[in-house]
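The data blocks that follow each hold one structure.
Two complexes follow with chain A in common, the first pairing it with chain B and the second with chain C.
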Partner chain A sequence: MRIFIAVILLLSLPAHAAEYAVVVSSNSTVQAMEIAKIKDIFLKKRSFEGELRIVPVNPIGNDPARTQFESEVLNMSREEINRYWVNNHFQGISPPTTQASLQSIKRFIETVDGAIGYLPIDMVDASLRIVHEY
Partner chain B sequence: MRIPGAIAHPCLALALLPLSGALAQEPYQLGLGYKLLDDITVGGYLSTEFSRGENINEVLIEDLAILTYGNLTDRLSFLLELESVDFYKADLENGTDSGNTRPAIERLYADYKVSDYASFRVGKQISPIGYWNLQPINVLRETTSSPRLSREMFPKFVTGVSVQGFVPFDETLHYTAYLQNTGDMDAKYINIDVDQHYGLTLEKSLSPQWKIGGSVGKYREQNKNRTDYFQLNARYDDERFSFLTEGIVDQHKQWLGSKETSTAVYTQLEYRFVPQHALIARAEAFRDDRVALHEKIGILGYSYRPLFPVSLKLEYQWHADSNNNRLVGSFSILF
Partner chain C sequence: MSIKTKTIIILIILSLTPYIITMGILGNAYRSDLEARVREDMQIQLGITVDRLDQTLRSLENDLRFLSSLDVMNDIITEDLDQRIFNLLLLKKQDLDLVGDFFVLDSNEYVIASTDIAALGEIYTGERFVQFAVFSTFDERRIGTLLVDYSQENLTRLFPQTETLNYLLLPLQAALPQNLQREEYILVEKPLEQGGQWRVVLAQDTDYAFSVLNDLTRVFFIALMIGVFAIATVAYLIANYIVNPILALSTTAESITRTQDYSQRVVVNRADEIGQLSIAFNHMITGMQDMIARVREEGENRLKLAQEKDRAEMLQSLSNKLSKYLSPQIYESIFSGEKDVTLSSSRKKLTIFFSDIVDFTGTTDKMESEDLTQLLNQYLDEMTSIALEYGATVDKYIGDAIMIFFGDPHSKGVAEDALNCLRMAVAMQKRVKELHDEWQAAGFTKPFRIRIGIHTGFCTVGNFGTENRMEYTIIGSSVNLASRIESSARPDTIYLSEDTYLLVKKEFQCIPVESVVPKGLSEPLQLYRVITEQDEQNLIQLDAQGVSLMLEKSTLTAQTRKQLQDIVQQLDSDTDVS
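On to the complex of A and B.
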């Protein structure tokens, strides 16, 4: 019986619980956002949401949050991303700005109008608004 | 304290950020330029090339260039590129050499972004026609040579105004409209000397892999000859394969009345068997009724990139006139 209940409980869990969230400031006018648009913003193909200039921010280096974002949202390997930015360097476009830690990304998003980034869901509080989970 | 994006440039905002610490910059990475300030980047490129065939045996430092770009406000940005073409050339057939160290303005423009649907560019810029013209430097190509289509069928630069963005009713469609009504800002390395040029380019993303597009435009040369062009292109890219094809028809109207046509088409296949190594095959056809020229070219090439911004390439070209067959190699780097 206990095994049966355990199986039922296991099956009732979501197949894949979101670990990370793409977030903006809770004061932002930006609401939910489609994954394609988020991808375009972080590849700097788009820069606006309505009238608001969007400022994407990445954690520096190989932070697990960044690796996860690149594979699940951008759907690109680091190799492809490097190629992309090398091609864009010639066009005068450089990668998004970076911050040293997830804590400083959170503060950046809270402080700069139009900032957008991604954080582990357990770091999201009332100062931020989730626009996409993954 | 919130920093309004409308008045505070992101780097200024960062400077004002309390508690968060300074902006953390990625360490210098080859191919991405060097950040002088938070929002000013300096970089450049170098390419060397050798050609060996029936009538040619030469080594050259083909391009040496520096570029700088950055944001002046959150909507206004600039780019400057200075380039010396044929910086050094050694003709091994005749035992002579020559050099050209004078840089020319390859690009100089300012961009003003109104929205994702309209961004204005003023100054000398690359004509947004086809694939090769937008990535005209050796290191970004997979073959040392570029198709004749991209070198002779339309002006490579526009000195004027352009506006580009997504089309509001279909955001998979991107447009660029461009207009020139003056001579070139620096005519040293241009392919066609025009004083008037205008056109429209559209590109549609059918899927993450497939894109199609085309350009239609007109230009007037300094000698008053006029040309109308109509160009179409399509490409497919995935992790291992790339397929590119372009075709263009030019209708030339001589100042004294005669009309002639020139056409060019190419198809290229690229197979990256590992990320650093690729095989490339290209077939080209070119016809110019003004000079009764009808050429066909086949190219087989190999590309090795130990790092993506460092490129070593080798290709063999078969021309319809076998006297022009040649082996071409190059080394190029973007920094």
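On to the complex of A and C.
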């Protein structure tokens, strides 16, 4: 219930220049990352950052964070993205794992080594590290 | 055991044998075969069911495998904060209509997601019917476990719902329930390929499995009972049909034996062998009846003959006894039928003979009665034998006297009759002389001497008396004269009347003796004495001129001898003087 309320509150916030941030665990060795690398990671063109296996995670559906991420970071429409993953599916490459909520994404990033996701900036706390803002 | 009972038993046995064989085949061979078929059908049914269960379990495993591979399972990492796994499991449970629950455990065995809400956050300790390891989709590391607490109901509800087939899902090593360990059930079992160590047991009640056979057997048994009754009835009727005529024969034979009624017959109402036997029996009885009638008739005839023979013998005996009282001639005449035994008479010229014993009373007074009767019987017997030898008719015995006549019933002529009478008389005197020696040798000091008188004349001869008592005899003056002549005779002599003398003088030498005057006659009759062989030595007879002399030496007394000597001396003296 608290999570639901938090989401509502986040959605009700007025948009601004850097509302979302690509984050990793604060324990991660990954530091700041340019947008092109982030795009490669979420399109599974890049799986490692050094020795670390990178695990991208998306929120499901039409979450605003995802929509914003696809349009600003990936710079691709949903149709392009779907077509991209259909093509890659036959090559054994599947889209990033998903979580149903931003809270889950935060828990996922905190828990899984090499996990990388994107959240509203206001959800980022000490357990996370921002590698990119958008 | 009677033929009837044997026949019934044999017919029942023969008739029941096919039934019993059929029942035996149904009860054993068919039962074994049917059990094999039932078992085979049950194996097929069980195979289908087990395949269905295996398919269900395989589908379950596939579902779990699929679920475990879903990206959403990555939510294990985030403890299913968004309940995506829960929703997924719940949908699957509803989809499968699962009796039981899905559980998703993290790597520490804590329940992250489950259709059993109460188990969330707890370490899972329940059954793990099917479980799959869940790997993260992004780095292939194990992040948890997906398992199902699978109730057997999910499988048992797949069992076909029949009242006659009992399906059981049992662990491989588990024993059968106690109620199935009896022989009333046919059991087949098959292990499941999926789901671990499970086996399905199919049990069918033998009563139902063999219900068709049992029904058939029951029908056969009822048919058997009806058959037994029908066969027994038919056997009884057949036995009666066969045996009753025989019993009738036996009963009739027994009745005939008991009652000796040979008019009884067996009723013949059939033309088979038994009927022929009955006909033959009746013929035999008819033959026996005829034979018995003949035997009875012959017996009666024989009895009559025997009775007649007895009567004849009795009559013969009586007649023999009578013959002793009758003259043989009279006896033969009467018994030969020549003369009727009626009061009748005729007049004939007969030669009548009388004899008696001289001084019988004086002779016998000193004798014992036994000796007297012995002597008298012997005498009369000897005399009668001689009389019969010469054809005489012995009229009667009058004490010691004998009355005999010749000329009736058989006559050889008056002269011949007279001659035979004389011959008889001579023979009698001769025999009496002979008997003298025997009697004296026997100690009788005074033997009998007899005298005989014979006369020939007309007599009335026939049966005299009454119708109840008759006597064949002769009556008349001639009879009296003959008796008188006899009484006039001297001992050891035979005296004749002149009538007889004239008839026999050619053959017998006679000398005239004293005359007698019969009663009723005025003039004396000249009597003659027969000269016998004894007399020829004893008598000295001289008939010459101036002399007629007859001397009987045996009777001469001393005085008579002296007188004769004196006469001779006187004659001698007269001769000398002249």
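As a convention for this text, the second predicted complex is superposed on the first by the 118 of 134 C-alpha atoms of A that agree within 3 Å, B and C clash if a C-alpha of one lies under 4 Å from a C-alpha of the other, contacts with A are read in each partner's own complex, and residues count from 1 in each chain.
One rule holds in what follows: a residue touches a chain if its C-beta (ideal position, glycine included) is under 8 Å from a C-beta of that chain, and two chains touch if they have at least 3 such contacts.
Only a predicted model underlies this, so the values are computations on that prediction, with no experimental measurement involved.
Participant: Contact-wise, after the overlay, does A:F48 reach chain B, chain C, both or neither (first, second, both, neither)?
Facilitator: So A:F48 only meets chain B here.
Participant: Is A:G92 contacted by the first partner chain B, the second partner chain C, both or neither?
Facilitator: A:G92 sits against chain B, while chain C stays out of touch.
Participant: Which of the two partners, first being chain B and second being chain C, lies in contact with A:Y134: first, second, both, or neither?
Facilitator: Touch status of A:Y134: no partner.
Participant: I'd like to know which partner A:R107 touches here: chain B for first, chain C for second, both or neither.
Facilitator: both
Participant: Following superposition on chain A, which residues of chain A contact chain B and also contact chain C?
Facilitator: Residues 53, 55, 94, 97-100, 104, 107-108, 111-112, 114 of chain A touch both chain B and chain C.
Participant: Would you mind writing out the residues of chain A in touch with chain B in their complex?
Facilitator: It comes out as residues 25, 27, 46-48, 51-53, 55, 60-61, 75, 77, 79-80, 82-83, 85-87, 89-92, 94-95, 97-100, 104, 107-108, 110-114.
Participant: Which residues of chain A touch chain C once you look at their complex with the stated criterion?
Facilitator: 3, 53, 55-56, 94, 96-101, 103-104, 107-108, 111-112, 114
Participant: What part of chain C is in contact with chain A in the complex they form?
Facilitator: For this pair, the touching residues of chain C are 71-72, 74-75, 77-79, 81-82, 84, 136-139.
Participant: If you look only at chain B, which of its residues touch chain A in the complex?
Facilitator: 1-6, 8, 10, 13-14, 17-21, 23-26, 29, 31-33, 35, 38, 41, 43, 45, 67, 69, 74-75, 77, 79, 113, 115-116, 134-135, 137, 140, 166, 208, 239, 275, 308-309, 334
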